[in-house]
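Structures are listed in the sections that come next.
In the two complexes below, subunit A is the common chain; its partner is subunit B in one and subunit C in the other.
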Partner chain A sequence: MLPALAFFAFTVLVPSVQGGWFAFTDWDGISPVKHFVGLDQFRKLLDDTAARDAVVTTLLAAVAITIVQNTIGLLLALGVNSRIKSRNVLRVFFFAPAVITPVVTAYLWKYLYAPDGALNSLLGAVGLDGWKQDWLGDPDLALWSVVAVVIWQFSGYSMVIFLAGLQSIPGEIYEAAAIDGAGPVRRFWYVVRPMLAPAITINLMLSVIGGLKLFDQVWVMTQGGPGGATDTLSTVIYKQAFQFNQYAYSTAIAVILTVFVIVISSVQYRYLSRQERNSA
Partner chain B sequence: MNRYTWRTAGLEAVMIAVALVFAFPVYVLVSMALRAEGDDSSPIALPNSPTFANFGDAWQRAGLGPAIGNSLMVTAGSVVLIVALAAMAAYPLARSTRRWSKSVFAVFMLGLLLPFQLALIPLYQTMRDLGILGNPLALIVFYTGLQLPFSVFMYTGFLRSLDPGYEEAARMDGAGPVRAFFSVVFPLMRPITGTVVILNVIFVWNDFLTPLLYLSGSGRQTIPVALFGFIGQYVSQWPMVFAGLIIGVIPVLIAYFAMQKRIIQGFAGGLKG
Partner chain C sequence: MRTNRLLATTSAALCMAVFGTGCSSDVAGSGGSGGLRVAASSTDRIPMDAVVAAFRKKNPDTKVEITYADTDQLQSTLRTQLSSGTAPDVFTVWPGNGNPAALQILQKAGYLADLSKAPFAAKIADGDKSVTQVDGKTYIVPVTFNGIGAIYDKETLQEIGGSEPRTWDDLIGLCGKAKRKGKVLFALGNQTPWITQLVDYSLAATTVYTKTPDFDEQLSAGKATFSDSAWRDTLKQYLKLNKEGCFTKNALGTSYETSITDVAQGKAVGVVQVTTSIPQVQKEAGADAELGLFALPASNAAADTRIPGAVSAAYGVNAQSKHMADAKKFAEFLGSPQGQEIYAEKGGTLPALPNDSFKADPALASLIAMQKNGKTVPFMDQRWPNPKIQQAHFTAIQKLFAGDATIDDALKSMDKATTSQ
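After this line comes the complex of A and B, so read on.
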């Protein structure tokens, strides 16, 4: 156990504490001297509209990803947990995008989204020319285009976790409810949903945390553009540190991100585990 | 209840239709990669005269050979270390009822929450000071530390649901705790080891931000960063770039298809624990 703790301390614990400390200094990443400046970096953040926009963007993306990805994942899981003949092939198939390098899927979608790319060609081919868009170039649309890629890629991941939950439900319970005359919707709500509670908890936690840390897809497709419309906390942290040499400011934003992740996921965890207990 | 009805057939049709929608981007990826130079047909049409020439070009110009080598080394090294350390750490955590065991477990679980963006910059400094920036070995250390909490979590959950009777039998036959672990417990953990391996392989192989920072300028890139640089250089030559993307994901797809059964089983075990 000690070697495990040593690795963990070296790469996560110690640097995280250091990061928390740098956020209260004026360090530029080059000069050997750091001065304690208290909350100055956080004050700067309040005046920085770009950083404030990134907070909003990150939260919007995390909420949208969590809701849509889990809804699709659950529907897919119910679909492949049925008696259809293609269920085994489809399970492997729907999870496959989650395996592909996000850099690759993001770049593929960047091409699909191009003004003369595959998506607009497809819309043209089926007579929906009016629906053609500049998917990544339109500031009102770009974030949702990026979010759609994440959902496309990770719905299968949610599906697999829901499927594991569904398979732990004994078939007799389901059949008993059917014999008692419960329709599919009521059977789902009163029989399946309570027993799926652990899977729901894990899925919601994973997608919220993943959504708050969103980086790869944004970086490949838009680098935060157009005009900062898709900048997330992670892209701002990267830009401030490695493009503008604002190391201390960058770690202050990382502290904000950490607070968001810890607060949101603990509140969520408390709520969900209470739901689990109530339904158990 | 086990009849194949018209409703089942309807559901089957809907699910296959959804699968085709999901597959559309992959269809475009493959059909573009097979396109000959000067083939300007619509991006959604099949290539006029399919060719594999793009794959050869991409392989040479993107330096994919060395990048795959680096990725294989980093992935294999990290996953072996993760499995060994996580399994050995989880054993006392799952079995001991003392108070320190609870606190150590809580410290590991904190690691599941901390976003590594916070550690990214200080660790960059530490690595620069130690002179290991740009060295793929440093990435192995990094991934091992980063992925231990998740792997310890999976192993501990599995061990708690595993009957301790087997180890006790081994102990009665005179095996010490170390021997009991290696000859009895570790083999029993095979199913969860499979899951931990495949999920970590996917994570390490695909990670982009870390090698982008810690290996930048070293010329010893892993696959995602090599592809990112390649894309930037040949931005308008879509067919060749797409061929490069396909080459870059083939190894992880092979690992996935070889081990896909473990994924659902592993999650099922994790949910119970």
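After this line comes the complex of A and C, so read on.
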């Protein structure tokens, strides 16, 4: 344990704290010269409309991913937890996208989403021409197109965690509830949901953190475009550091993102833990 | 240097801790072979491989290890490597000042070796010195001369009954001819940010720089703004072309790759592109396809038409290189007539240094003629005061096409980027 902790501290914790120091300098990321500027980089954030817009985009994406991904994951878990013969095949089928690297799936979907791509062709083929869209080129739609890919990819991941929770519930409890006359909805709400509380906590925590850090899929599919419509905090951090030569400012935004993740996930964890205790 | 290394490592770790893959990169890597390490953009793979092969043949005792990366990755990785003292010995450096790994940014930080004494330095054309030199000293070896114009398939142009336009009105008329034949004149992949700049750079070469050749100097000196310049007319022209149906219908959802394919498949007559894209269009269209190139006219006075043309690929030598002699030898080879010819021939471009024996791709004839007549204008971003302007421009064009901004908004955002720290 101790060696692992020491390694983690040496490679992650200490450098992270040291790196945070850049947020208080004017370093451009390449010049040997840097000066201490106090909170200037953080003050700059207040006038940066692109960063402010990115905060809204990030929160919207995180909320949508958390709600939809977990709802689909739970429904899939309930489905493949049944006694149908093909359940193992279906489990693998739904989980498969989660094992592919996000960059690869993002490239794949970029082609599927193209104006003349497979998705629009499919809609045309089934007579839904009116549903054809410029999925990644329409600023009102682009973020949701990217979010949909994340949900498609990781719903199976949520499913596996829910499935583990479902399989830990003894079958006798279901049967007893059924004998007592509880229908499927009541059985889920009063029997399954309380016992799934730990799985719900893990899934919600993971998807909120993943949503707040959203980068790969956005970068591959839109690079934050069109016109910044899909810029998240992570893409803004990348652009400031590597395209604008504003390394210190980028680090300041990264610090803000870190605070975001810590605060939101802490509040969420406290709430969910209380729910778990109440359910127990 | 030790401090820098520690700082770079810690900053990378912070990035990794905060947003995972955003900082990760496994390209332009560290060799460890003990030989000369060269890093180049992956778009230059074909010509660079050929140059390295020729160099190895000439210098069998020098071991050369070459790595390639996409532009974004190369720029970000190079910066990290340079500040941590692990950078390659020779690497791609962008001329001028337009991006994070451009000459003036790297030289200012002291990462580039002085190449003024190399034989090629004396051959650099006067017009290219502003983007290849700093304070009269040469820090990069310019390798190719690249243009931005309309690359088109001659057969498709014939199909729509058109000919190369010489004036703005000709150009608008040609859009109509293409439409009537169920095609678009130009494929446009504005989903890919760097593509967004090509059309208005082409128009600005005439609209802005014919009347104000020193616009960029004025901009840097704070004596000019985008808002109060002919850039306003340039953006109007860009949108006018869009309104007239000259471009792919869903340009914001169309990528660079798709735009090239559209030309190759005859859905579009041509594409406004850098001339280094000619080999790719040719490859997709087939060896039989005959390609042409024309400067995008932006005025009804044909004689006013200019074309963006500038040093494109360029390489610098790491000032901290442990193989300085070999690195300079390699840079000199890149600047030699043999190196330049190989690079230009394999890359479908022109040599950056005068070379009368070079036989260019016929598609480049009009670029060569305009270069000889002094009708080229350096790529705009190469002389802009900072890299943020180009990025602001990318975003502004996408917003204009999405209808989320006005021309006034676009120009103001570029002005704001000009004066920002």
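A few notes on this one:
Here is the rule we go by: the second predicted complex is superposed on the first by the 275 of 280 C-alpha atoms of A that agree within 3 Å, B and C clash if a C-alpha of one lies under 4 Å from a C-alpha of the other, contacts with A are read in each partner's own complex, and residues count from 1 in each chain.
Just so it is clear, a contact is a pair of C-beta atoms (placed from the backbone, for glycine too) under 8 Å apart; a residue touches a chain by one contact, two chains touch by 3 or more.
Owing to the predicted nature of the structure, the values given are computational and were not obtained by experimental measurement.
Judged by the touch definition given at the top, the superposed model places A:254 against both subunit B and subunit C. By the touch criterion defined above, A:194 reaches neither subunit B nor subunit C.
After superposition on the shared chain, subunit A has more residues touched by B, the comparison being subunit B against subunit C.
When the two structures are aligned on the shared chain, A:82 is found in touch with subunit B, with no touch to subunit C.
Looking at the shared chain after the overlay, A:243 reaches subunit C, while subunit B stays out of its contact range. By the touch criterion defined above, A:222 lies against subunit C but remains apart from subunit B after alignment on the C-alpha atoms of chain A. When the shared chain is aligned, subunit C comes close enough to touch A:113, but subunit B does not. After overlaying the two complexes on the shared chain, residue contacts for A:92 are found with subunit B alone; subunit C is out of touch.
Legend: residue contacts after superposition of the two complexes on their common chain; A:167 is shown touching subunit B, with no touch to subunit C. In the superposition on chain A, contact is made by A:134 with subunit C only, not with subunit B.
Where the contact sets of subunit A with subunit B and with subunit C meet, they give residues 11-12, 14-16, 18-20, 22, 29, 102-103, 116, 213, 215-216, 219, 233-234, 237-238, 241-242, 247, 251, 254-255, 257-258.
Partner subunit B is touched in their complex by these residues of subunit A: 1, 3-5, 7-16, 18-20, 22, 29, 76, 79-80, 82-86, 90-105, 107-109, 111-112, 116-118, 121-122, 125, 152, 160-161, 163-165, 167-168, 171, 175, 178, 198-199, 202, 209, 212-213, 215-216, 219-220, 233-234, 237-238, 241-242, 247, 250-251, 254-255, 257-258, 261-262, 265. On the side of subunit A, the complex with subunit C involves touching residues 11-12, 14-16, 18-20, 22, 29-32, 102-103, 110, 113-116, 134-139, 213, 215-216, 219, 222-223, 225-229, 233-234, 237-239, 241-247, 251, 254-255, 257-258. On the subunit B side of its complex with subunit A, the touching residues are 1-2, 4, 8, 11-12, 14-16, 18-19, 22-25, 28-29, 32, 42-44, 81, 85-86, 88-89, 92-93, 104, 107-108, 111, 113-123, 125-126, 141-142, 144-146, 148-149, 152, 202, 205-206, 208-209, 213, 223-224, 227-228, 231, 238, 241-242, 245, 248-249, 252-253, 256-257, 260, 263-264, 267-268, 270-272.
Across the complex, subunit C meets subunit A through its residues 4, 6-7, 9-23, 72, 75-76, 79, 82-83, 99-100, 105-106, 108-111, 190-193, 248-255, 258, 386-388, 391, 394-396, 398-399, 401-402, 404-405, 421.
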